[in-house]
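Note that the chains are named A, B and C in the order they appear, and that numbering of residues resets to 1 at the start of each chain.
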């Protein structure tokens, strides 16, 4: 089986993000990781491969050359090969563009099954998976909690829906976005780490993919423009309520919430 | 001069940091509090293969270079010093002589299982009367038929009470002093070989340290680890520099963990209406800690580079160990000053860094002995 | 050029979800300025009664009622939406950043090759276009973006972003009949709606969240009781969910849900960044922790430094009293 996993390298949650003075660009501290939800996608692909022996896992990302590190992490876990779709000089923020490029890569590579993370933690968009599926004309299931392969043509999944879960059977090829709880991503063995260290991951120029218009592959291609960035308003320092006993403290709090905060 | 790690080394470092953060760090406080060998964490961590770090790929190892090894030692010490000691024993001291001199049968029985974490190893030097002074070793090995009979007691043996095999330093000729020393492999179950008292330590808890007793222990000839009699001390030289740098790397790891706590606390604690990080004296502390740690790191990196390139690093390794240790002691001290009264409570981590750091004064050589060695080496015989 | 707005309506157990009223309110505010109209688009089965509730909030209510649409599925619902969008050509399509919104909106945007802005927390009409406020990096940065194309664009907003404004519009009900073709490659085997009785975490006005300081799953019973008094919801930190004391559905934070209730109370929550980035936009934040140094106090408006087990029983009593006064 040809399994494709699309991942994203994102800034660490602890990374410092500074607003540049023009308020139109950001400076991000050099601390990056594979997106949290993508780890579940890579792990699930590895589990499928352990069941369907004759499988190959290809990991790809649309990112800068730094993103190679995230691809290496995927190889260390157990992916077979990795590709960087180099977005230097291209728009890197628009889901429409990102998903089209990834979809074109998928079409070129061929695939039976595609895994994506449920959403990226830097923008919380949850767009790429479903959009890739739309471009490729294949079904998708979002927020998968359980994945079982019935045979090479059909899978059974449990996914998150409003107020509960549902179980579906889906014919392959199809795309699935992985939700937390689907599995426990493995910590790589040193054999994986060694393989990842030695892996040669050449950047792919998206313009060589075919099927993508010239207009798309331009810095200004996005239909969305960022007007400004700003930092959120901070809250004033916390007010610790007065009181000697728990009873007094609670009464104090309720009073404040009623009168001052108008939250009750 | 390129001070950067290669892309591969960066990736290795990132993976190790992440692995330690996931598996060891969450357990570190518990490991210290319980002061029991953390079998579950051992199994989980060693199953990843890091115990083979320094050994060739052909036998299941990673063939890591010295820079990568130092990164590993630093990070695992940052995670949990006690756990780190047990792990590093299997990676280096406890298995090295078996790897270098053991027969194939011995390697099958001891080395490969140790690399997989299935067996626990250790190295026995220290005795009641001899720590730095190896020449005063009293454990004897006397030729007896097709083997050797070993008698003596070893102290302060990391992993000792739970080890499956050990490399013991014994003298075959006390009159020759250092030139009478040899290494012998002794395995669990050998009659006369037992563990004695366990030492309850101030720090590095979670690793079991204690006495090993050799009471007329007989081992066959193949258990003499070495090509010639009396070469024990020379063989130690094989790994002495690495052990010293390794200790320095552990010091960096402990300092790194302590420093991170100090920095976080400076940013969050409020006193007199301001975050304490705004006060000059706190800023001074952070500045000093960062300066010292950067200097220590450069020395350790330099030593590792010399070692990796087979250049003489006896003096640099000793200096780097000492310097990194002194820096670490300063950093853990400053942490407790910045942290205030809570540094005095077992509930918080500063006290653990403070206690754990003290072992650095002994591991890898006491500073008094090291300074004498360095001075002697530089000045020469007059 | 008209700037008509479609608002994709979501239903829960036969009634309209609060977030849909929030979106309609905002859409109407914008359309009044842009001199355009707001369409509430409701798709489902047996929804005519619910559709009537929408007449007060929208200029037009488009209803597609069919038993094939009894349960939400992206394939049938997007086929319906596709035909409606082609017919009415709205300027923008608004929806909620819910499980449903996250599933259908990207599919629709791709189908129309339209811009999509997700998980937004504000919108302002500046005379020419709708500026959308979108948080990034867990809320550390706020971006203001705009669609610079003439084609229909799609926006999803977080629940609790806008307030519901009662209007007395007299929306025209339009019942549309369209083709409904599902994707034959997907079959529904079963549905498990055990959780549907609970207030949705992202829509709750009151959340009481428990961290590791709660010491055990049995102690969450007290939080459940308080949530019930306040008609709110219990939340959980990642540590609590990872320890299997609570379901993932309760998790607030980087790898859980982002919430913005009117009142958030954190009990035994340390305040680690991966949690706070999921709740620091709450209107009022209260923290209860016996450690005065706990990081959570950096994010809170008000705090009680005390053992939660001493405070919670009293808190429950006082909240009951307060509710009775109202």
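Note that in this section contacts are C-beta pairs under 8 Å (C-beta built on N, C-alpha and C of every residue); 3 or more make two chains touch, one makes a residue touch a chain.
Everything quoted here is computed from the prediction, not taken from an experiment.
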As a test of understanding: of all chains, whose mean C-alpha position lies farthest from that of subunit C? B
Looking only at C-beta pairs in contact, point me to the busier pair out of B-C and A-B. A-B
How big is the gap, in whole Å, between where the Cα atoms of subunit A centre and where those of subunit C centre? 21
Counting only Cα atoms for the centres, state how far subunit B is from subunit C in Å. 53
Between subunit A and subunit B, what distance separates the C-alpha centroids? Give it in angstrom. 39
Two-or-more-chain contact residues of subunit C, please, as numbers and ranges. 298
Provide the residue numbers of subunit B that touch subunit A in the complex, in ascending order. 7-8, 10-12, 14-15, 18-19, 22-23, 47-50, 52-53, 57, 62, 270
Which positions of subunit C touch subunit A when the two form their complex? 10, 12, 72, 74-75, 98-100, 102-103, 105-107, 109-111, 113-119, 131, 134-149, 151, 153, 183, 185-198, 200, 248, 251, 254-256, 258, 262-263, 273-274, 277, 281, 283-287, 292, 297-307, 310-311, 314-315, 318-319, 322
Contact footprint of subunit C on subunit B as seen in their complex: 265, 268-269, 342
Quick one: in the complex, what on subunit A touches subunit B? 33, 68-69, 72-73, 76, 187-191, 193-194, 196-198, 237
Of subunit A, residues touching subunit C in the complex: 11, 13-15, 17, 19, 26, 36-37, 94-96, 99, 119, 121-131, 133-135, 138-143, 156, 160-171, 174, 179-181, 222-232, 235-236, 238-241, 243, 246-247, 249-251, 253-254, 256-258, 261, 263-264
